[in-house]
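Naming follows writing order (A, B and C), and every chain is counted from residue 1.
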Amino acid sequence: MRIESRIEELGLVLPEPIQLPEGMRLPFHWVRVRGNRAYISGHGPLLPDGTPSGPYGKVGGEVTVEEAYQSARLTALSILASLKRELGDLDRVVAWLRVFGMVNTVPGFSSQPAVINGFSDLIITLYGPEAGQHARSAVGMADLPMGLPVEIEAEVEISL
Amino acid sequence: MRIESRIEELGLVLPEPIQLPEGMRLPFHWVRVRGNRAYISGHGPLLPDGTPSGPYGKVGGEVTVEEAYQSARLTALSILASLKRELGDLDRVVAWLRVFGMVNTVPGFSSQPAVINGFSDLIITLYGPEAGQHARSAVGMADLPMGLPVEIEAEVEISL
Amino acid sequence: MRIESRIEELGLVLPEPIQLPEGMRLPFHWVRVRGNRAYISGHGPLLPDGTPSGPYGKVGGEVTVEEAYQSARLTALSILASLKRELGDLDRVVAWLRVFGMVNTVPGFSSQPAVINGFSDLIITLYGPEAGQHARSAVGMADLPMGLPVEIEAEVEISL
């Protein structure tokens, strides 16, 4: 449980399972495991109790880059919480592979990488430069579910 | 041919190959098979004869969520038709893995999941909760080819 | 080194490593190799010296489809340069699998496929219709890093 120890050492908390807003139905799974691959659904930032975390809205508009960096960091914790529930132990993630970082963007805003660094920085801190390394895109979306500022999906390799 | 039987039982039809609008050139394949993986290009809704199906435009604007749900359901049939042509038998899909649902979105519209449920609901109905399960994102695009309301790409595991 | 010979025969040049604008920090890798897969981060067009290449802005607005086709072609060269640095020999790419083409789009612009053809045409010219074939989406983003008109990510199979 090396990764979870590091999360604790940093004073961070894995959130509870997401509490969906009234009337929202998501018929898919947060993590789809098959062989040595885990495909991770698009996640957003959560508070420790599993409720979605603001601020909401468009980055470059009502949400600043600094706030959205924190949202991306919280999104990393949401994903780690889902992986923990699916895999039992976060150390089973042996290699981060692909990260797709989506930023709710005002047209004309083009600093998506500075936002998604909130995700990449934490993953590389926790997993180190080998296992934590990943390919990444960070791009601007017209809007995101619930008006979230950030949504991230990913693919990782796991030990069997 | 279990899956095809279910499609028939539901009174659904797999569309003919897409008939591209005059002057549109797509140099790639609709399905790329390699080993036990099939990578599925971005598909949109088709009529049974293979012509693109309206309504066109932005969800949250001229297209309603209910209409777009139907577009996502038709997109599932487009993808199944492409898989059938490539694989011969839809039963060869042993696990849906990753679904990326793109919704042509008016800024301020944030119910992308309710739209892409039209895809997920049909796939899970046809393949069941094990093989049909998948990781998913459902997000808002600034625009899509031909002004389609929905485009979906995916990755599946196939039997050899 | 068959692929590199073809690049030379076409009079094309693989650009130097990207020279990031002042203050931009990208903590991830351009190519993530694991087993027989290489995951390719979102790339944009570069000049031969590695500086980002204009024109900048939205396709359908200040950037024409023809200009953006050239940007997508330059993006193919950026990706090939990254693969060359990571793999040593571009012939190690035995199959292109998935291409995700993102076009910085004015709402109402829906010819994303004609733009991303600049990428697909060059890859298929260089690798041939077997290895060069790929699944693809070409879709409209609200904005892209640095205001680039095109960004492309991909996944390929490599020989070990």
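One rule holds in what follows: a contact is a pair of C-beta atoms (placed from the backbone, for glycine too) under 8 Å apart; a residue touches a chain by one contact, two chains touch by 3 or more.
Computed from a prediction, not measured in an experiment: that's the story for all the values here.
Engineer: For the copies subunit B and subunit C, give the interface type as same if over half of its residue numbers appear on both sides, and as different if under half do.
Structural biologist: Interface between subunit B and subunit C is built from largely different residues.
Engineer: What's the rotation angle, in degrees and to the nearest 5, for a C-alpha fit of subunit A onto subunit B?
Structural biologist: Here the rotation carrying subunit A onto subunit B measures out at 120 degrees.
Engineer: Can you give the whole-Å distance between the Cα centres of subunit B and subunit C?
Structural biologist: Once rounded, the distance between the two centres reads 25 Å.
Engineer: Give me the residues of subunit A that touch two or more other chains.
Structural biologist: Only 100, 107, 141-142, 155 qualify.
Engineer: Which residues of subunit A touch subunit C in the complex?
Structural biologist: Checking each residue of subunit A against subunit C gives 95-100, 105-114, 117, 120-121, 124, 133-142, 155, 157.
Engineer: Along subunit B, where are the residues that touch subunit C in the complex?
Structural biologist: Subunit B reaches subunit C through residues 24-32, 34-35, 37, 39-42, 58, 100, 102, 107, 141-148, 151, 153, 155.
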